[in-house]
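Think of it as A, B, C and D in the order they're written, each chain with its own count starting at 1.
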Amino acid sequence: MKELKVVVIGGGSSYTPEIIEGFLKRISELPIKEIHLVDIKEGEEKLSIVGSLARRMIKKAGLNIKLVITLNRREALKDADFVVTQFRVGGLEARAKDERFPLKYKVLGQETTGPGGFAKALRTIPVMLDICKDIKEVCPDAWLINFTNPSGLVTEAVLKYTDIKCIGLCNVPIHMAMDVANMLEVPYRDIFIEFAGLNHLVWGKKVWHKDKDVTKEVIEKLLDGAVLNMKNISNLKWDGDFLRALGMIPCPYHRYFYMTDKMVEEEIEAAEDCNKGTRAEQVKAVEKTLFELYKSPELNVKPKELEKRGGAYYSDAAVSLISAIYNDKREIHTVNTLNNGIIKGVPDNSVIETNCIIDSRGATPLSLKGDLQIEVKGLIQAVKSYEVLAVETAVKGDKEKALLALASHPLVPSVTVAKDLLDDLLMINKEYLPQFKLD
Amino acid sequence: MKELKVVVIGGGSSYTPEIIEGFLKRISELPIKEIHLVDIKEGEEKLSIVGSLARRMIKKAGLNIKLVITLNRREALKDADFVVTQFRVGGLEARAKDERFPLKYKVLGQETTGPGGFAKALRTIPVMLDICKDIKEVCPDAWLINFTNPSGLVTEAVLKYTDIKCIGLCNVPIHMAMDVANMLEVPYRDIFIEFAGLNHLVWGKKVWHKDKDVTKEVIEKLLDGAVLNMKNISNLKWDGDFLRALGMIPCPYHRYFYMTDKMVEEEIEAAEDCNKGTRAEQVKAVEKTLFELYKSPELNVKPKELEKRGGAYYSDAAVSLISAIYNDKREIHTVNTLNNGIIKGVPDNSVIETNCIIDSRGATPLSLKGDLQIEVKGLIQAVKSYEVLAVETAVKGDKEKALLALASHPLVPSVTVAKDLLDDLLMINKEYLPQFKLD
Amino acid sequence: MKELKVVVIGGGSSYTPEIIEGFLKRISELPIKEIHLVDIKEGEEKLSIVGSLARRMIKKAGLNIKLVITLNRREALKDADFVVTQFRVGGLEARAKDERFPLKYKVLGQETTGPGGFAKALRTIPVMLDICKDIKEVCPDAWLINFTNPSGLVTEAVLKYTDIKCIGLCNVPIHMAMDVANMLEVPYRDIFIEFAGLNHLVWGKKVWHKDKDVTKEVIEKLLDGAVLNMKNISNLKWDGDFLRALGMIPCPYHRYFYMTDKMVEEEIEAAEDCNKGTRAEQVKAVEKTLFELYKSPELNVKPKELEKRGGAYYSDAAVSLISAIYNDKREIHTVNTLNNGIIKGVPDNSVIETNCIIDSRGATPLSLKGDLQIEVKGLIQAVKSYEVLAVETAVKGDKEKALLALASHPLVPSVTVAKDLLDDLLMINKEYLPQFKLD
Amino acid sequence: MKELKVVVIGGGSSYTPEIIEGFLKRISELPIKEIHLVDIKEGEEKLSIVGSLARRMIKKAGLNIKLVITLNRREALKDADFVVTQFRVGGLEARAKDERFPLKYKVLGQETTGPGGFAKALRTIPVMLDICKDIKEVCPDAWLINFTNPSGLVTEAVLKYTDIKCIGLCNVPIHMAMDVANMLEVPYRDIFIEFAGLNHLVWGKKVWHKDKDVTKEVIEKLLDGAVLNMKNISNLKWDGDFLRALGMIPCPYHRYFYMTDKMVEEEIEAAEDCNKGTRAEQVKAVEKTLFELYKSPELNVKPKELEKRGGAYYSDAAVSLISAIYNDKREIHTVNTLNNGIIKGVPDNSVIETNCIIDSRGATPLSLKGDLQIEVKGLIQAVKSYEVLAVETAVKGDKEKALLALASHPLVPSVTVAKDLLDDLLMINKEYLPQFKLD
């Protein structure tokens, strides 16, 4: 059994104990020999804290895994088998800005959706393509498991502009499936959701409990108050008439598109409330507490408090995906990969989020057996148009494309607002956008 | 040369002198023997006034055309060769309501676009299918030239639910081409615009002067203040950066989608200004003056004042289309017909607005030679999703589909607003919506 | 654990001990309570012999499974969970004729491919649709596992003209995969073949050993004499230049299209050799011997001699498929199901043979991740055109479509020959073709 | 009115008087100032004879057109407006070989279809791409009107591998339409045929006389003996049952696919008959007589005898196409251009033969309004697969692709025969196939 080298880029993240725990739990099926946690100069201190905790966790588990913490990415990548990316360009500071700058125009301020997500994509994609260049040179056969948001856009950039073997991952689908299993009180394994859409815009076309279509039942439970949500998204109630008419399960992020008015209102309120702040600002506090905890030399397991941070099932999703590849499991996971005709009317070379078989050869999407309903095609196609333009903008640093991308986004109310947003975005993120050659 | 019988449904419209003039001008190529102007009881007086004027116009032209005015539609349709529909269910009263009810929610109030256009489609489509039933029985070989708005939706209903030979017409494309010819100071015939999109959402992909691509030149003229607009749409200036980045010519109605904020603001102001009112309210005054004029027994030509009413080139578009069919001209007109793969990612059996060859066999679209740009695909696909749902709603009177249609519309900001809009719409239009079986 | 009722139509087949053995081997995962073997009057004797053997096999296994033999199909189907079809309309007599009548015109005489397969489809499809009518009425939730040839055509008829849950099965893909595993001397489970095409015209696009593309290696082994073939097909050597240029693995039946001249020549020789005869004629002798064996009251296992009959892996394919459905295994099997865009340029509602996930919900095809190579698209599309026409002919009994079907078949050299073949076919099969209303 | 320079490559052809006559007839709409006839060293004598005749024809017409004969292609192309290609690499000698070498294997020997057409494509395409290189450099705005066979393949090569403005032309569609007009005794202008398919494999989906579908009537006339054929194709009768079932009008070349057996038989007979020979051999005799005639200093018009040569309507097709471009006529012509989704299931970047609007901007295909019938899709897709491979082979000189191309051709009975054909082809044409780097 080939021993594995795993590299985590953005290793200083507060999430790292999550993924370390995941590796330790599955060590019997994943013979990991080395884990390298990579971060940048600015993250050195956090990396050091997290790295020490990781070492204590490995020791506690009685395993012989070499743990390396380093700022030398290229060196770390050498001969890697799996590369997990979970970095955040500009850190929580940049995220906080992403969440705030659109609010001025009464436009959604969110980390991955809308103008904030666009800003994040522009900052992230060049760094990701740089990582890919390293991979190409020092570990060309490695699998890149991308967890960095906006995951769909970042994965699309990798798959369009490089030939690295890459799968984009997000914990939304597994979260939804877990929540559905919980609300129906049945084992997770017996639930099958026909997921289809884009990252953070994925639908459960149908929910099955074994051979029984339980979609309607799930909708009723949802309307009755059953939870199907993420930590970071306001749990606004879905309208019953709408959900019943639609007959599909929305992901939590769909609220941004179907309840735009209220979601923006809530955000503005929170942002203006100095006791609350935006999500990033709340997270900053959580992070601070977490890192204090991590420092404790007694701590040698993932602390309970990490759950507050969000990102549930993150390690389950990532480590089980890695295991499915390594062990040629031919298992179904919901990931981000090339469309190639699965959703009709979306470009073949664009990334979608859908059910795939995962095996040694990577991700192979399952047929939707008929097209997505027209009820949601328009939204998906509109957002995909934005995404295609956003990826191109991020790679080429073209201001014209940037304007078209923003003006095409369903949440941006006019070209005038798009221009203002773009001006603000470029000014705020200047230091992270070398591709624009701003002076 | 076969003599022709033409039937105009909605014959009492103030536009009728326009089309009568058109027929008279082209009598050498269109041997019309009979014109039947049909209207309903409520329009009897206007029909009588317009009919008399039409008779005087024919007499003045020294032609031997039988003019019939009648409330008996079925009788009028018997053995018709061409049926032109230009009726308005509920009249200008209903239109005024369409324009007002969405404003309450800060949503566009417009005759053909947004919730107002949806209301109009719901009122109109059942009547149109009823007309088609008559046509099927008493003049199955007739050509139905539909001018009734929303023209794309109404035409889609006819082509999906009947086998009547139907072409949907709108004066926007001819208007744009005429304006372009004027701004470039070249003959209309030398201009070729690659039109593609949906009714009231049509793009000029490229503008050619003979073999020269003059798209950029036209964009600059537009930005310099050259007119490319309709009477009924606020002439807000396009943003130069946006238009240059896009590289295509928008139709006037695109403002509703790209300048939504300002367009709605202007509408609300006008609606609240008791000296102004909505467009329908302004038109009502114009109409009143027109009918006074029409009554004058001296008047035997189309009066100049009709131009204020809007609808420029309406008769040119309609009569030249009829002549192209009758004379097997194989001429290019921009009309509404089935997509059948011309715009990729839009359903085959949906109606688009595009350049077609018009001949004895009807309308045959021209290839776009490559796909529409991704920059506008999203918007077109989003609006088309709404349209497909709207047509289904109009035919079936299904409240669930109605909610999905409104919630899918890019100009409706949330499901909550969609529900409110739907409630208002159904209440206001109750008497015209038998298909909903409202009590 | 729900107890299962399984019905085998064509239960008197010599293959039945094969499938019985399969059920017995997997009894721990498939809790079968009843097996009904159904046949028609003409097969009564064989049914009785096979039935007794099956009973002895069950007894030997010490299992409490009720075995019913019956001529009353409808009664047998009542509340069935799985229906396996393996019948042969007209028996081996009809097959022998299918194999002989085209030879007169130097055209391939084969059970499933070419005019012989067409004849078989015309005889079989009406009976299959009749079975579906029964299923619809007495066991609408049952899964129909179709093994009756031509499996692709029969399955297409079921999926186009009924709403029965049906999967078409063939032992060619499993046979190919087993042979590949054997030639590479690796476990079957580690081999993954990207199958795509039509039934008896399926390609291995790529062969993988875990994460290694071994397609070229397999091609070289094949050219070196490694076996990849079926009992019933002449093992003519593939041309090395051709196979290397193509870079894909053909199925044994591809020889009929790429070595047409020699295959027909061999068939004619065999048919004219009174010591040999066509495949059906050879099989008849084997069958006779088999049934003699089956009669022996001592025999209580599947006899070795059955292997000569062909149909290797038949029971593996069928029973493991049933288990994957019953146990919601989400396992990959290669089956016949609707295309729905998997192979581009083949109609969505047509049946293809491809890798599918099999679970409680049936068969869901895997994306080919890009299109099939142009090198084989033409052949697949040509045969599919024939198949679409063949299915329509079989259902409607339309002689015009029949002629078009035959004339479209790549193996039929001209319309004149197609007409002669059609005349012969209709005369020979008259009694089995009620849909044609021949007198 | 811009004066035009026209260049005819292959100017020494016996057809040249045809096209000269065409230019002279349309001089009022095509202000030609210069005609350059270009040929190669081997054709110098013929060029000189034809050039002198052309000069006499111009003089007779009293026109002031400069006629240049030259072997310097590049010089001639300088600033050309239209380039017409009608050359034949290897001359009639090579064609005679194309017609003979497949007969040895009982395979069709024909100039444009089957292995002969493949050989011609391999000889021609490199020369054509070379011409395109010149055009790109010395007259990049010129229109290339390609008449060189196989016209579809050659045009596909130009449109795939260069960005020259090119339209492929063939006289088959105009010939069919003229024949149909004649058989119905109606003006050509009143006939409209919905042409769709590939070059020399084009169907008349429907025939219209004005607004009347006369397809059935035309089929009956055809079956009654009305002529719809080309000089160079044996006029074998179509089968009535087949044609009625099909309901479409085949082109003369379809006989090679639907009557393969008899067509090959006739060819073999002719080839073996020393008084007859293949078509090229017959043509050689005609050519000889023609050039004798051309030499006569008295001759100053196109001689009647040229008609025997075939190529009817060639000049009509070419010159009217040029005029439609030059005069921005927006007229319908049937030409070879990129598919772009017109025939579904054929690659977008492949060339089809279909009705197009011809104007200053070139050729824009008309929608087929629904797909081609499945009855003919298979054949078209099979031949297109061959064509795609053939074009790639011709450009790259790849022997593997060459084998795949031939083995994919519906008229080649086996891989073995394909290999033999390829060996012969390469040997026979060695001097004309530099791209293969044969030694």
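Some observations on this one:
In this section, a residue touches a chain if its C-beta (ideal position, glycine included) is under 8 Å from a C-beta of that chain, and two chains touch if they have at least 3 such contacts.
Going by UniProt, the chains are A, B, C, D = 6-phospho-beta-glucosidase.
Quantities reported herein were computed from a predicted structural model and do not represent experimental measurements.
Contact with both chain C and chain D is made by no chain of the assembly.
Note on chain placement: the centre of chain A and the centre of chain D lie 56 Å apart, centres being C-alpha means.
Per-chain Cα centroids separate chain A from chain B by 45 Å. For chain D, the set of residues touching two or more other chains reads 344.
The set of touching chain pairs reads A-B, A-C, B-D, C-D, using the touch definition from the header.
Of all residues in chain A, only 239, 241-242, 244-246, 258-262, 344-347, 374-379, 381-386, 388-389, 400-401, 403-404, 407-408, 410, 413-419 touch chain B in the complex they form.
Considering their complex, residues 190, 192, 208, 210-211, 328, 330-332, 338, 340-342, 344, 357, 359-361, 364-370 of chain D touch chain B.
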